[in-house]
Amino acid sequence: METPENYLPSLMTETPMQGRELAIKLARKSIAAIQTDPDTRKKLRNDYASNTAQLIASAQVIATEFQTIAAANNYWKK
Amino acid sequence: METPENYLPSLMTETPMQGRELAIKLARKSIAAIQTDPDTRKKLRNDYASNTAQLIASAQVIATEFQTIAAANNYWKK
Amino acid sequence: METPENYLPSLMTETPMQGRELAIKLARKSIAAIQTDPDTRKKLRNDYASNTAQLIASAQVIATEFQTIAAANNYWKK
Amino acid sequence: METPENYLPSLMTETPMQGRELAIKLARKSIAAIQTDPDTRKKLRNDYASNTAQLIASAQVIATEFQTIAAANNYWKK
Amino acid sequence: METPENYLPSLMTETPMQGRELAIKLARKSIAAIQTDPDTRKKLRNDYASNTAQLIASAQVIATEFQTIAAANNYWKK
Amino acid sequence: METPENYLPSLMTETPMQGRELAIKLARKSIAAIQTDPDTRKKLRNDYASNTAQLIASAQVIATEFQTIAAANNYWKK
């Protein structure tokens, strides 16, 4: 078994927008950690991108990951 | 692939009401990040706006995003 | 398109009970922001008030909104 | 329309156990705020007490309300 | 009606592992507070232990309870 | 009944990536605490790894566990 990619070197981002992108990345990586086959994930992705209940549930995961990232960055206050 | 729009220049808003509006925007942008086709989103939107379970799930996402925004703004205390 | 009502002038309330009422209001306003037709909302409301899964999901939204309001008010400590 | 009962005079409780009881009360009062008919609630309650998915969802609401109450009481630290 | 058992004398635990065990206990006690019949609970438990959606939902409740317990214990930092 | 494994000696990790791995581990251990039979878990795991709704719900549990771990580690700020 290969070493998993280090997809999270830091929670710090320069801007709030980069924080959103990191939140989306974390959500995707969680799914990849459970469903490890890329081809299956690709097929599943087409399914949930057209399913409103699952789109909303995905947005909930992103919102939760973003809470953590925003707190880590002290809300990017200057 | 074009550069994604910077829809979150800052978490700071002048008023609590603007914070709510930002929370709704963030929820919508998360869905747009997963379902990237605007026409499909428009069609899906009609579906979930008439589905109570999904309306409530959407309200949950907004509540979670608002937690982050409200904390960032120190609850708009004067 | 008319200016949306400012339904959240402040997160501060005098009492915990008023905080609960505000939490319920915020949950309802989120749904109104997505389903903008009042007649459709009225019809949908009858549906979910008799659906236990959706009642519980609504209570979850209220609990989340209340977390924010309670923190904003420093838990109404004297 | 009668004045709603003030079921939350304070978030403070003497013990963690009383905090749990308050969390359960808040969860129930949220449902009563949406489904205002006591007879309908009684009937619905029998339904969800035998439905595992809804029991677990109810436990999630209680956990969320308890987070707020526990923080308000500074975790009952002496 | 008998006095309910005091299953939560304190949120403090000596170790993180004991904190996990307390989180699981709290989740179970919430379900017992709603479904008060032990025989029904036993039967329901067999159902949800074989239902992946409900197992995951149960894990969500445990995660939420653990957040509270971990914060109460200041994350068991020495 | 054997003593349960101490799978959480500490919430502290050296890196954010190790924090993610711990979050995934905690989510899995919660499920194992409810469904105690390893063979049943293995079979169930194949089911939910191909079910998008359940993959997303699993990602939500991981996000919640990670919030706790990240706060415990003060977001790995140097």
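First chain written, first letter: the chains are A, B, C, D, E and F, and each begins at residue 1.
One rule holds in what follows: contacts are C-beta pairs under 8 Å (C-beta built on N, C-alpha and C of every residue); 3 or more make two chains touch, one makes a residue touch a chain.
On a predicted model such as this, the values are computed, not experimentally measured, just so you know.
*Asks:* Any chance you could name the chains that touch subunit C and subunit E both?
*Replies:* Where subunit C and subunit E share a partner, that partner set is D.
*Asks:* Count of steps on the shortest touching-chain route from subunit E to subunit F?
*Replies:* So the least number of steps between the two chains is 1.
*Asks:* Could you work out which chain's C-alpha centre is the most distant one from the centre of subunit B?
*Replies:* In terms of C-alpha centroids, the chain at the greatest distance from subunit B is E.
*Asks:* Same residues or different residues where subunit B meets subunit C? The copies count as same if more than half of the interface numbers are shared.
*Replies:* Different-residue interface.
*Asks:* Report, in degrees rounded to the nearest 5, the angle of the rotation taking subunit A onto subunit F when the C-alpha atoms are fitted.
*Replies:* 60
*Asks:* Just the number, please: Cα centre separation of subunit A and subunit D in whole Å.
*Replies:* The answer is 32 Å.
*Asks:* Calculate how many whole Å lie between the centre of subunit D and the centre of subunit F, each centre taken as the average of the chain's C-alpha atoms.
*Replies:* 27
*Asks:* Roughly how many whole angstrom separate the Cα centroids of subunit D and subunit E?
*Replies:* 16
*Asks:* Subunit E: which residues touch two or more other chains?
*Replies:* If we look for residues of subunit E contacting two or more partner chains, we find 48, 53, 57-58, 60, 64, 67, 71.
*Asks:* Which of line, ring, star, complete and other names the graph you get from chains that touch?
*Replies:* Contact pattern: a closed ring, each chain touching exactly two others.
*Asks:* If the ring is traversed from subunit A in the direction of subunit F, what sequence of chains comes out?
*Replies:* A, F, E, D, C, B
*Asks:* Okay, in this complex, where on subunit E does subunit F touch?
*Replies:* Counting only subunit E, the residues touching subunit F are 15-17, 19-21, 24, 48-50, 52-53, 55-60, 62-64, 66-67, 70-71, 75-77.
*Asks:* Using the touch definition from the top, list the residues of subunit E that touch subunit D in their complex.
*Replies:* 4, 6-12, 26-27, 29-31, 33-36, 40, 44, 47-48, 51, 53-54, 57-58, 60-61, 64-65, 67-68, 71-72
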